[in-house]
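Order as written gives the chain letters A, B, C, D, E and F; numbering starts at 1 within each chain.
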Amino acid sequence: MSAPRNPLRRLWADGGVAINGWIAAPSIITAEAMAAAKWDALTVDLQHGTADYASLLAMLPVIERSGAAALVRIPWLDEGIVMRSLDAGAMGVIAPMIETPEDAARLVAACKYPPEGRRSFGPIRARFAWGNDYPSWANDEVVPLAMVETRAGVEALDEIASVPGLGGIYIGPSDLSISHGYAPGFDRQEPEMQEVIFSILERCQTAGIRCCLHCGSVEYAVGMTDKGFSMLTVGSDARFVEAAGKKVVETFRAGTGG
Amino acid sequence: MSAPRNPLRRLWADGGVAINGWIAAPSIITAEAMAAAKWDALTVDLQHGTADYASLLAMLPVIERSGAAALVRIPWLDEGIVMRSLDAGAMGVIAPMIETPEDAARLVAACKYPPEGRRSFGPIRARFAWGNDYPSWANDEVVPLAMVETRAGVEALDEIASVPGLGGIYIGPSDLSISHGYAPGFDRQEPEMQEVIFSILERCQTAGIRCCLHCGSVEYAVGMTDKGFSMLTVGSDARFVEAAGKKVVETFRAGTGG
Amino acid sequence: MSAPRNPLRRLWADGGVAINGWIAAPSIITAEAMAAAKWDALTVDLQHGTADYASLLAMLPVIERSGAAALVRIPWLDEGIVMRSLDAGAMGVIAPMIETPEDAARLVAACKYPPEGRRSFGPIRARFAWGNDYPSWANDEVVPLAMVETRAGVEALDEIASVPGLGGIYIGPSDLSISHGYAPGFDRQEPEMQEVIFSILERCQTAGIRCCLHCGSVEYAVGMTDKGFSMLTVGSDARFVEAAGKKVVETFRAGTGG
Amino acid sequence: MSAPRNPLRRLWADGGVAINGWIAAPSIITAEAMAAAKWDALTVDLQHGTADYASLLAMLPVIERSGAAALVRIPWLDEGIVMRSLDAGAMGVIAPMIETPEDAARLVAACKYPPEGRRSFGPIRARFAWGNDYPSWANDEVVPLAMVETRAGVEALDEIASVPGLGGIYIGPSDLSISHGYAPGFDRQEPEMQEVIFSILERCQTAGIRCCLHCGSVEYAVGMTDKGFSMLTVGSDARFVEAAGKKVVETFRAGTGG
Amino acid sequence: MSAPRNPLRRLWADGGVAINGWIAAPSIITAEAMAAAKWDALTVDLQHGTADYASLLAMLPVIERSGAAALVRIPWLDEGIVMRSLDAGAMGVIAPMIETPEDAARLVAACKYPPEGRRSFGPIRARFAWGNDYPSWANDEVVPLAMVETRAGVEALDEIASVPGLGGIYIGPSDLSISHGYAPGFDRQEPEMQEVIFSILERCQTAGIRCCLHCGSVEYAVGMTDKGFSMLTVGSDARFVEAAGKKVVETFRAGTGG
Amino acid sequence: MSAPRNPLRRLWADGGVAINGWIAAPSIITAEAMAAAKWDALTVDLQHGTADYASLLAMLPVIERSGAAALVRIPWLDEGIVMRSLDAGAMGVIAPMIETPEDAARLVAACKYPPEGRRSFGPIRARFAWGNDYPSWANDEVVPLAMVETRAGVEALDEIASVPGLGGIYIGPSDLSISHGYAPGFDRQEPEMQEVIFSILERCQTAGIRCCLHCGSVEYAVGMTDKGFSMLTVGSDARFVEAAGKKVVETFRAGTGG
């Protein structure tokens, strides 16, 4: 059997845990700057980021060349943008706010050609990016990830996780925390939130699917790698700019008495 | 006498040294992320950055709202882009590779309405950004900065610095170093390069104009503040993304034995 | 209790009636030209206008700086674009063709974080525009407006108006008139249409929510201010250009015998 | 009775069979190059092509000027993009993956003003492109085409075809073939697929609506013209570029022993 | 002899005086709104407007379809943008700040193929817009207009006006007034400025070339038509938006005691 | 000695003759469709094509991944765009209308860092595309090509060809033919034009630099390969679309009696 084409599946097949970067800016040069770090995966965020389909299309070649798996977080569960992202060459789709197995099944169906799903045929750029045989293996390689980030999602997790073809669950700690009455934010320390998060992980493992976690700091991400998560996301281009800029200005003000 | 409208001139009038950020990505959200740090000035780089006039126009409102002086580094000495940048609302122009007083005079002329210069009238967005009286004070407020970054420029510095209306000299250490036979890079430690740089500073002070320095690290910039520089640039959005991304991935690899 | 952050809510809290401008062109400079008039609110029209998310993002800083409340009319009821508009910084969302309380509830839910709704967390630009405490007050400040512009919507008005969290009803007279068998157009003079419109207004007042009206002329809008409407829209950038251009050319032809 | 305004309806009224070109690239110049061939119709593909609303808007004037009917294939059945496409001036909408009469009815409703449908009023560019009387005839002229490209669609064809106001069925042979267990591709030669395709055509004729077919080669299209299809699509800008480029390079390599 | 292809030349051949509109916004819909007024010419302003080459390319089909002659004001005298504008289909070029016959000759040369000039061959869109015979008549039809708007330009007017192939002089009253010590603005009433303007007109007539004038109001333009000007510009899209918006808001405030 | 990094230089070092494709459309997908043919080089045409810097930046990753050398034809000899193209990652620059050795020297200087030239340092994307050691070898790898396409250029050819660092001459037969009194067009058959072209080739060989030729058909290009040219350009994306579209429509009309 040949190795997976999707770099993320290949890493997983080798037992690896992926470090995933996050792209909020619709810009070639920041995509290049991110890609230079050699992430295992890079996700273009069409939901809370500011890219749209046109900028996604332009950033995918940059991401792919770095060897990272290009993923897309879609704005909302909608077949149109799922299919357009895949046709553009993305190797995975992260769908927000999945709360029912019906939602998860819609996501999977949009990611797979018949008979596994109902993806429409027309891999306009994917064929250029991945070769003419792309349609023959795309169903096996594309990773549909359902975000579970609400109480309702957690409650329906077992049904969601058992939807055939779903690649995994992607935990969004900010929304999940709000849903449980906490302030938004990553890297939760509250026992209740940790319990919720680890419970999701455990139930994914039982269901035999991947579990991914959005983190705020690499230290937290490192701490999660031996828990069994398959992919850990850290930071974003916009956050990196904000943090570094503030640090420079603060250091300057401090150093100059400003 | 009322305070200057240009935040950079206001800071200078108060005796301050400006910390200047650098924008290479044509993206609203990274401009917002930079602006959040409250720099004294933010420069959109149309030369070695990837923005163009259209993205500059979109980023200026973001920069202005933060209180920073919006500057533009132009691709090459060309009246068209100098005037379009100012008409868009920029409060200063940094022109690369100035080597003669004639070049500097062309830069100044493009920044000033007659009789001081030959800027053409039509402040299409500047008027919205700065008020209907903008034309009456623009000549006094806009800052033309000539980059001196070659041996030829250094040799002609005294003539350049004495061009009436020039706001100051902006030192580009990378090109300057190449021109002197060193590898490109900021934060020069070589005695020869330091001597060149401080000689430029001193001659600017003699000529009564500002001297600005492009730095690689804030530590170096802090060390330069008491030398007499008027503005110190540190980093860029693209560099911040690259550095932070690499640090995350390296930390992750190190922490997970990857 | 502190004053509202949303300029529209602040005006309403002070008993004012808002004048709202309409933006159809995806252009910074026409947004600036509109903003220069100091409207109480400015709506970027993603439905019948030609802006899209990317141009909305670029125009919001311009609108905000003018002091106007930035609103967005979405193309159709879709959680993705509602949330992206708010994450970009918009202070209100106008949703077209609302005909059932279920539709209105979906709109409200998309505008509010849990527990009031199901807005997903990630105020990518809103946080830069409105401050880090934005998430703590956004639910109270963002205004969801449901367009009632069909017979079906009018019939369901009482149920729609009583959906918790709905900010108000926005009357679209063109569609409403078509739905009642009249030609499209604003500033209705037909007794039947006036009765429909005032009946909507009255029922909004009974329900304790705002009622807004799209007008064609400022004269009509002025005439409506003492009826009890909370916001009146007049014109659009594209209409202003069309009307003024035609007037110039007609005057020229008339004056020159052309 | 006056001639139809929609060039496609006019051709059909004259008994013609339309040749339709396909636009995948969001570029003015390739749109001009396509339009130069004087197609009867040109479809901008927002589903498997790479254009989006903003580029559609820019290409419509080019298409219209050539005399071709401008059609849009939407990414997925969604009222927002149907109406925005029509407001931009498109004379027809091709909706993918229609499988039920309910889907077809939603498509028709989105294409027609009340009372025939529920299209919202605001023909922002259509009015400039087609005249101020556009609203009075748009319902009669705009062509809603439902793609039937799955087994489910074929099974429901009679109900779909009898939805009042539907302009016709557009056969997508690639998806249809996948759905029947064959490899994707146009110009089917398999007896089963031909039977399915001709059965759709026959049932459209019975229902009194148009039947259109997506073809891979003009030879295949020519062969289909006397079967009773009303519109035949051949190729796309991206396919033309790919094929011609490959032919040039292959010929060069062959001719130079490369 | 056949009629000119350039609508502006055709009007002039018929003895008409052209009314010219001005486009500052890079937007299809405001271009359509302008074009709806049926101007004789419409100028896309790449100098003090905010369009660039890419948006020019998209607006030209809109302008052309209206029957107006599409002109371009370039940012500064530069062969690259002159030729790109013409290749895109523009029928005239307005070059700012011409002060010497050498400048005017450069403008003319850039507008004409050899032997009249040195325009490089490649009418990428012009050929689609104007037909395959475009190159055979372009030299005769394209109108190069030199802006005279400084004292230096006025002094050199006779030499400028006698440059072979120059279509005419375009007077920019704002810069011209600044250059003569007055505040910027159109529609000059000062005897000195009127004398300068009429002197330019007269010397153009003597030289046998066209003279055009930028006006602020249509009333002023009408008053100039019988003086001998060949084209009068009034307003701009951005000015129309600004003026109309302000009038609406002021009327509303006045009408509501706001 | 290691192999050249620039694919074009590598091919030349191996004794090959390059086949070069031409990109006129600013579109990712047509760039992908071109790149799929595995050209030796692909040139983005910023002069007579419709791309600009922003679209160039997005297309370079696509071109590079195909293995083709990415070249840029600049609009006119201007240091700004030469340097921006190289900073974006281009491996060669084709400058139009070079007529003097001074022009050629300016081109070379803009392509090379000191001491060979005066290129300013800041390879913003080139470093990501080609590695951190890019600055150390860029001077040797980047290919400056001077277009000779006028009588004046031909007359000065020997001086132009002897400018140190110039990579070669690129013959533009259309302009060259106009300059010699013929109609524009490629693939010249006139004895005079062939003599001019072969004379240029011969003089390049004498000078020890490359000679490249723009062709209209691959057949002509093949015929030229054994003459000694180093690179032959055939067609363009826009031409491919135009030709293929016309052929389809003509075949359809012929086949259907239309």
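Points worth noting:
In this section, a contact is a pair of C-beta atoms (placed from the backbone, for glycine too) under 8 Å apart; a residue touches a chain by one contact, two chains touch by 3 or more.
What you see is a predicted model, and the numbers here were worked out from it, not measured in a lab.
Any chain bridging chain C and chain F, meaning touching each of them, is among A, B, D, E; the list is complete.
Most remote from chain A, judged by the distance between CA-atom centroids, is E. Interface equivalence for C-D, evaluated over D-E, A-C or D-F, points to A-C, where over half of the contact pairs coincide by residue number. With centres computed as the average of Cα coordinates, no chain lies farther from chain B than D.
Of the two chain pairs examined here, D-F and B-C, the one linked by more C-beta pairs in contact is D-F. Chain A and chain F have centres, each the mean of its CA atoms, that are 41 Å apart.
Chain centres here are Cα means. That of chain A falls 52 Å from that of chain E.
In terms of their C-alpha centroids, the spacing between chain B and chain F amounts to 34 Å. In chain C, the positions touching at least two other chains are 24, 26, 28-29, 32-33, 36, 49-50, 52, 54, 57, 78, 81, 124-125, 238. If you draw each protein chain as a dot and join the dots that touch, the picture is not a line, a loop, a star, or fully joined; it has some other shape. Every pair of chains meeting the contact definition is listed here: A-B, A-C, A-D, A-F, B-C, B-E, B-F, C-D, C-E, D-E, D-F, E-F.
Every residue of chain C that touches chain D in the complex is listed here, in rising order: 24, 26, 47-50, 52, 54-55, 74-76, 78, 81, 96-97, 149-150, 172, 174-175, 178-179, 183-184, 238.
Within the complex formed with chain E, the residues of chain C that make contact are 16-17, 19, 21, 24-30, 32-34, 36-39, 49-50, 218-219, 221-222, 225, 232, 234-235, 237-249, 251-253, 255-256, 258.
Here chain E touches chain F in the complex through residues 52-54, 57, 78-81, 83-84, 87-88, 113-114, 118, 120-125, 135, going by the rule given at the top.
Chain F contributes residues 28-29, 32-33, 35-36, 57-58, 61-62, 64-65, 124-125, 128-129 to its touches with chain A in the complex.
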